[in-house]
Amino acid sequence: MWSSLPSFVAVYPETLLVVVASVMALVDRWITRKAVFTWATIVTALLALALVFLTQGTTFGHAYAADQYGVFFKTIFLLVLFLVALLAPGYNQLLGINFGEFYALLMYAVTGMMLMASTRDLILLYLGLELMSLSVYVLVGLLYAELRSLEGAMKYFLLGSFASAFLLLAMAFLYGLTGTTNIEAIAKALLAANLSANKALFLSAALFVVAFAFKVALVPFHMWSPDAYEGAPTSVTAFMSVGPKAAGFAAMGRVFLIALAAAKTEWTQLLVPLAVLTMFTGAVLAVVQTNIKRLLAYSSITHAGYAVLGIIAGTKEGMAATMLYLFLYAFMNIGAFSVIVLMRRRNFLGENIFDYQGLSKTHPTVALLLLIFLFSLTGIPPTAGFIGKFFVFRAAFEAGHTALVILAVLASAIAAYPYLRIVMLMYMKPPEKEVEISLNPYIFAGLMFAVTGVLLFGVYPGPVIDFARACCTGFLP
Amino acid sequence: MEVALRTAEFPLLSAIIWLPVIGAIILLLLPRRDRLIRWFSLVVALADFALTLPLFSWFDKDFAGMQFVEKHAWIKAWHISYFLGVDGISVLFVLLSALVTVLCILISWEAVTEKVKEFHIALLLTSAAMMGVFCSLDLFLFYLFWEAMLIPMYLIIGIWGGPNRLYATIKFFLYTLVGSVLMLVGIIFLYLKAGTFNILEIMQLGLPYQFQFWLFWAFFAAFAVKVPMWPVHTWLPDAHTEAPTAGSVILAGILIKMGAYGFLRFSLSFFPVAAKAMMVPMLLLSVIAIIYGGIICLAQTDLKRLIAYSSVSHMGFVTLGIFSLEGNAVEGAILQMINHGIVTGALFMCVGVVYERTHTRAIKDYGGLATVMPIYAAFFMVFTLASIGLPGTNGFIGEFLILLGTFASKRWAAVLGALGVIIGATYMLRLYQQVFYQEVNPKVAGLPDVKMREVLALVPMLILVLLIGCYPTPFLGFMHASVRALLEHVHQAAGTTLPISEILKEGLHVVLPS
Amino acid sequence: MIPVSWYLVLTLFLFAIGAFGFIARRNVIIMLMCIEIMLNAVNVTLVALGRGLAHTTAHVLVFFIIAVAAAEAAIGLALVVLLFKKTREIHMDEFRTLKG
Amino acid sequence: MKYVVWIPLLPLIAATITLLFGRWYIRRQAHWLPCIAVFTSFLISLKALFDVIGGARANFDLYSWVIADTFKVGVGFQVDPLSVMMLAMVTCLSFLIHVYSIGYMEDDPGYYRFFAYISLFTFSMLMLVSANNFLQLFFGWEAVGLCSYLLIGFWYQKKSAADAAKKAFIVNRFGDFGFALGVFLVFVTFGTIYYEPVFARVHEIAHATVNLFGHDILLPTLIAVLLFCGAMGKSAQFPLHVWLPDAMEGPTPVSALIHAATMVTAGVFMVSRCHEIFELSNVAMAVVAAAGTFTCFMAATIAPTQFDIKRVIAYSTLSQLGYMFMACGVGAFAAGMFHLFTHAYFKALLFLGAGSVMHAMHHAPDPTDMRYMGGLKKYMPITFITFFIASLSISGVPGLAGFFSKDEILWSAFASAYPWGKIVWLVGTLVAGLTAFYSFRVVFMTFYGEFRGREVLHGHEPHESPKVMTIPLMILAVGAVVTGWIGIPHVLGGENHFAKFMEPVLGHPHFHLPHGWEEKEALLELLLMAVSTAMGLLGIYVAYLVYIKRPELQRLVPERWPTLYRYLYRKWYWDEIYHALIVRPTFFTARAIVQGVLDSIFIEGVVNGVPDMIRRGGETLRRVQNGVVHTYALIMATGAAVILLLIYLF
Amino acid sequence: MEGLLPKIVFIYLAVVLVVTSLLVVTNRNAVHAVLWMLVMFLHQAVLFITLDAEFLAAVQIIVYAGAVLVLFLFVVYMINLRTELKIHNFTVFWPAALFVSVALVILAAQALKDFRAPQPVGDMTPEAIARVGHAKLLGKALFTEHILSFETVGVLLLVAVLGAVVLTRRIRMIRGEGL
């Protein structure tokens, strides 16, 4: 029993975000210069990042620890926030999305994710997840003038709540078995009570698998994601294709690798078929898409399939691989979405892949950037995508999942086709219609930042690999 | 096999690899003035070629190990280093790559008129990646270059290619990607076993046979597609047919050599026991490629397609030589790779010359060209003869050594392989007759003969054809020490081979979750 | 004392009924209510477990679940109203513009 | 004796210069350089010949050609009686034909090309005969094949010429296939392919066997038969003889030089060169004898039915080559070489004579058709006389070159220790008669009787050829008479210098006379000589009877035995048989099976089928994503249920 | 006898909960469904009381019955679809849904046979509740151990408010949106 309040140092970054978000939401009506919000978000993201590193190692009671594991994920989230803040202004301006609310909701969502990444308590994990989810539901529906935005939000909301119920059930059973919601304590209790062969524990693990599989969009719990991605404003799609997914993986790492370490064989066996299904379904479905947002949605499903390989490996290397994968994925995926954002005009969606036909002729720079992002998504060296894939495959292989890796590489070959198709349209077909693109400095900076990341980490990933591994060292034995 | 190293004082190989990349970056910044761009890339390519010349003269032919070695730590976390070096097996390919790049720029001078800047950037990047493949002594670095080359090549075929290029590029890309990713699995496995990507260290690993067996096939997937071996050859005719001339020349000249080079550098030295055990299937596939590729040539009606299928047949000779595991044959195979690069590259250049004038590749649209374009016909004749393997041309030396060596190791393979020589003469002469002899086809009447620029690109090839044909000793001289060391390594490798059924059972055991 | 398993079975039944309703009912408001049923099912278990363990955490969680459920209901109903205003339709299976 | 290097080198230089600059700079003067080069080569060859007669020998490498792992071979020269004889003969004939061509090719647009090619050919042939290893032999072997290809297809605008060139090359490739394998086997057996060490150690493998398809085969047999495959191709022996008649599409000097005098005899030369290997194997010798005998007979039956003057001579060449192989097949290699030597002159003469006739007839649509000739002797006396001499020589009329060489072959065959000697003799004697018959058939149809070609010549009169053509004819005519005199057998009081000269290289045949005749060897030889001479004279008489005296007899065979006649006229249907058995099936396989089924349906089916499957799978899965949120929920719940089920499965 | 009464009470409550929830799920009329749900919540509150969780029972009634259900009712009335009564209110694949739900129950129940609760770990014994009071115990836990979660819930509710405001605020619809 505590006699005094714990130190709040550990949650300074989150506090900062919440405060700035709330202020933004409040003053939205009175500030007409929208750039202020963008700048505020960028500065906040950078400040929060600095705080994340400064508060590293601090704890907040038993519930929360700003450990290295969390630091890495928070870096990803803030990176995502930074990139999305850069890509959003033009698009939001064009479609009349309120900057203040938009950025506020983004920051709330990021707060939720950060809580998920650093939590040591299932309750806080649930609340962080809900905070993130609720913010994202609203973000998806922000473009309520468009039916598809609302429809996407509604579907995402319904299915998300449905999945939350499974998560709660899983947590309830786990709590019932161990008498605690603290993640480390659960692990200890499971070992102490020798529950590693208990069917009820497996049930709980299975329900966790269902819930997290929904969050990171593993097949067959992925079905919300193409619809939500397509319906959402593209700036939000960019955000939710990386952020919540990474948060889901962060939570997965905490729950599966720490809390449920005793049932590792079981949840591994549950995740393996999901991973295989995910990689192939995502790849196969991406092949037949003509809407680029939807295509990237399926692509992100496939990528989740790869990322989960690191969790399946269940080792320090595996977790580091997943983390690195997500980090690199942020650069390339948001980069790709930035280009899609550029295509949008008031009366022109610019989402059909045929809209990209001949882009290399009309806008060579943009086409080249998209080319690089797409090849990175394909996993062709010397781009970051290859490094990520390599690390993940390596970790899974090391953990003995040979067949899984072979299937993964085959899936990656199938998955290459949709990206190639877009490149093909951009570079090998003549332009059919005039496509107008107005680069604003923000998005240009974002694109440059992303492409630099993709290429730099493609040829010199050493430091970031070391970082990811170091972040896992304290996390896993 | 302990591989000796000889470190370079000057980072020559790095300079060779990165000069085109720097050139490409500068090109990116240059204004879109076609003449400027062409001249600039030509200068870069020539400079790069000039840089490779010291390799030729400074190379110590008696030294079996790696020379011009550079090694720097790169990704420490995975023990990856930036590790370059060449030996007698790879040095000639670096030279050839540089030469081919120069020639490709020359032959594209007028053929490529759209997106000139992009074209030359892609060309230079391809060239850099190819040379990187041949110089890498780190498996990761190797794979990086190996895959990186796909992107510019994909663009070269897809943007500047023929009418059906989209299908061809996708096929090319996916085919090679499927092969490569399987190799990636193998590479990861090797890394986990060896704890390093250092090729020279992995060579000494001495894995048990069941591992070697599986890894052999994983690497085989990548190399066989690249070579291409039967039955994974069908991307090649499509890619060749649709590629612009420069693309075809690079494909034929260098790209498909990378597969055979991979067999030599990796399959043989990493998995010697498996290579020995898989010798017969490999020889069989090679023989099938030779004969199948030859026979199918007889049915072709498209100039480029015919030459492409002939590549399948010729590369069958190369793999035949490699997997005969006999010194003469392996040297012959390496020489034959160079030869095929020169000859088939030159043939594609020649086809490009008329294609630029007529925009048709159908054989029936030609006829009597010897009357119309006699100089061109003479060039084509020499390359045809080299392709047939007439003594005095380079093709003969390679094929002869391959068949001779193969005969010493597996007679039936040499006998069947030699049948390919007959078929080769049949389809090439048939082609030559239909295109150059007989009455002048009105469609080609009055075509201008080759221009100076085209002659300039073809003459080096012609000289090489005759030089290697009449005096191959300096070229073969590069290889003796390295090939001998390699084959000693292969033949000394110990390991009990298991029956396939046993291997499969064990493999399933490993792969399936318990 | 009533065994914990009784509560667990009750929970399962309620949860399954909620899940069935969620999948089977077309009316989006009913679907939302079904989610509430599912959450309440979990609450039953948690309270029972909390009593068995004599532990406050379970009760805290239940308290939070109720709060979150309220927040979810607010967002969900807001979306329902918006959708209805736009389309005069509350049957979720009629919304099929996003598919494939 | 390093100077022999210049013998092949000079023609090569001439050829290269002519080829490079002929088109623009040399043009009509293209003949000078090759002629001078070949003539100089001829002089050097003569010097070499006299040096060798004086006892000099040489065997040296010019430079290392190929050095691979264990395989080392150079470009080298072996100067011994055999090669020096060939050098002298080739340069001599080549020079004469060069000169002849100045006239014959006068107005051809490809003038420079022609001289470059035959010069190149001369180089190749000289490399072939002077080689000191198998690889260089093979180089020459293929190079002459190339020149033959280029020259047969010299008038490439004509489809028939292009076809014939291609056919020659490809048929030869079949032979080379065997030859190359033979060389491989030599290398694998001996570890080297230089003649000297190979032939020195050849007796070590006399009894070695090699297992082939479950049968033990004598190693020398295998080597010899494989090498002989090459000879069959190059020397147009059955079954690879089909290319030679078609090769007549080339200019006539080419036929004379390549397809009569030199290149086609390379097979005989090679067999003689390797006689150490052949002699170790009775089977191989039998194969050689059988191929020679059969070809000899077959060609002799076809020749009388043909009307194309060049074709008749081509078949005659086939037949004479058969004689040479008959000699080799009974171990009389020197006799074979002797016939090769004499044949070169009279056959070249026959061709050049025919060329001269064609030159006269060149306004006719088909200047080779004998049915439009006749009575030409009064228009072109020199041609007539030289042609007549050559025909006498080939018919074996005593005193002329052909008589001596042919009789030596027949005698060697009859006296041979090999059991098939008698059959060879019998066929040889029979064919001697046929040879005389068809040779004089040509003479009578061409030069005697009335001129039948006025309507096709459209008023042009046939005329004698210019001096530049007739002088070579006259020189060759001398050769057709006197070359035999260097090999006059002992029974006729000669010394047989030729055989003696060759003996160090070729040895001498083993005789095994019939029982009871051992003492009366000379008598027997004379008797046989008489028989063959009688056959020859009989042939001439029959020809005279049929083509001068009683022309109606010409229709006898076609009307009495039309099937037989057609069979012979269509050259035993070999072309048709090959077409049906090899060419058509190959192309059918290529188009229909390999291209049509295997590649496009089978392999491409898989290649395109997998992506199609993926696409179709995608389209199907796509329908599951139907936009209805309940479906999604149901699938989620089902997934959850399946996952719960998995708990029990594991 | 002492053990029997709570069991009877539990069985009653359980039956009512299941029946009312089934009625919610199956009822054609949304208003009726909401009302049945109210009944269900009330019974659940009673269940909470039997489990010594008085404060939660109060929250259940105040928040759920009092606020959330009213909100639902409000929306139902606002929408007020008459046609609702005439058309299908189940999706076509409801049998599949039923099957899956039953399967879930069976499978989970099988697994839960293994369920073993640990020994009591906390201090929230019935005696403590009786002595200190449920609300106070809960409050103490909330404001000490779970303070961060509590704060998070606060933010979450803020987001909910903000979200609801953002979504329902009427702003100019963009013209020409046929998209």
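Labels for the chains are A, B, C, D and E, by order of writing; each one numbers its residues from 1.
By our rule, a contact is a pair of C-beta atoms (placed from the backbone, for glycine too) under 8 Å apart; a residue touches a chain by one contact, two chains touch by 3 or more.
This is a predicted model, so every value here is computed, not measured.
Colleague: Please report the minimal path length, in steps, between chain B and chain D on the chain touch graph.
Modeller: 1
Colleague: Touching both chain D and chain E, which chains are there?
Modeller: A, C
Colleague: So, comparing C-alpha centroids, which chain is the farthest one from chain D?
Modeller: Looking at centroid distances, E is the chain farthest away.
Colleague: Measuring centre to centre, with centres taken as mean CA positions, what chain is farthest from chain B?
Modeller: E
Colleague: Distance from the CA centroid of chain A to that of chain D, rounded to the nearest Å?
Modeller: That pair's centroid distance is 78 Å.
Colleague: Could you please state the distance in Å, as a whole number, between where the Cα atoms of chain B are centred and where those of chain E are centred?
Modeller: Here the centre of chain E sits 69 Å away from the centre of chain B.
Colleague: Can you give the whole-Å distance between the Cα centres of chain B and chain C?
Modeller: 64
Colleague: Distance from the CA centroid of chain C to that of chain E, rounded to the nearest Å?
Modeller: Measuring from centre to centre gives 6 Å for this pair.
Colleague: Scan chain C for residues touching two or more other chains and write them down.
Modeller: Residue numbers touching two or more other chains: 4, 15, 18-19, 22-24, 26, 32, 49, 52-53, 55, 57, 60, 64, 68, 71-72, 75, 79-80, 82, 92-93, 95, 97-100.
Colleague: Please set out, as single numbers or ranges, the residues of chain D touching at least two other chains.
Modeller: In chain D, 611, 622, 625, 627-631, 633-634, 637-638, 640, 644, 647 touch at least two other chains.
Colleague: Would you give the residues of chain B that are in contact with at least 2 other chains, written as numbers and ranges?
Modeller: Residues 174 of chain B touch two or more partner chains.
Colleague: Just spell out which pairs of chains touch, all of them.
Modeller: Those chain pairs which touch are A-B, A-C, A-D, A-E, B-D, C-D, C-E, D-E.
Colleague: Any idea which chain C residues touch chain A in the complex?
Modeller: Per the touch definition, chain C meets chain A at residues 4, 11, 15, 18-19, 22, 28, 31-32, 35, 38-39, 41-42, 45-46, 49, 52-53, 55, 57-58, 60-61, 64-65, 68, 71-72, 75-76, 79-80, 82-83, 86-87, 92, 95, 97-100.
Colleague: Report the residues of chain C in contact with chain E in the complex, numbered from low to high.
Modeller: So the residues of chain C in touch with chain E come to 1-2, 4-6, 8-10, 12-21, 23-27, 29-30, 32-34, 36-37, 40, 43-44, 47-57, 59-60, 62-64, 66-75, 77-82, 84, 90-91, 93.
Colleague: If you look only at chain B, which of its residues touch chain D in the complex?
Modeller: 171, 174-175, 231, 233-235, 292, 295-300, 326-328, 330-332, 368, 370-371, 374, 385, 390-392, 396-397, 400-401, 403-405, 407-408, 414-415, 418-419, 421-422, 425-426, 429-430, 433, 436-440, 470-473, 476-477, 480, 483-484
Colleague: Show me the residue ranges of chain A that touch chain B in the complex, using the header's touch definition.
Modeller: 269, 272, 360, 364, 375, 380-382, 386, 390, 393-394, 397-398, 402-403, 405-406, 409-410, 412-413, 416-417, 420-421, 423-424, 427-429, 460-462, 465-466, 469
Colleague: Show which residues of chain D lie in contact with chain B when the two form their complex.
Modeller: Those residues of chain D that touch chain B are 23, 63-71, 135, 138-139, 141-143, 146, 149, 153, 156-159, 161-163, 165-166, 169-170, 173-174, 176-177, 180-181, 183-185, 187-188, 586-587, 589-591, 594-596, 598-599, 603-604, 607, 611.
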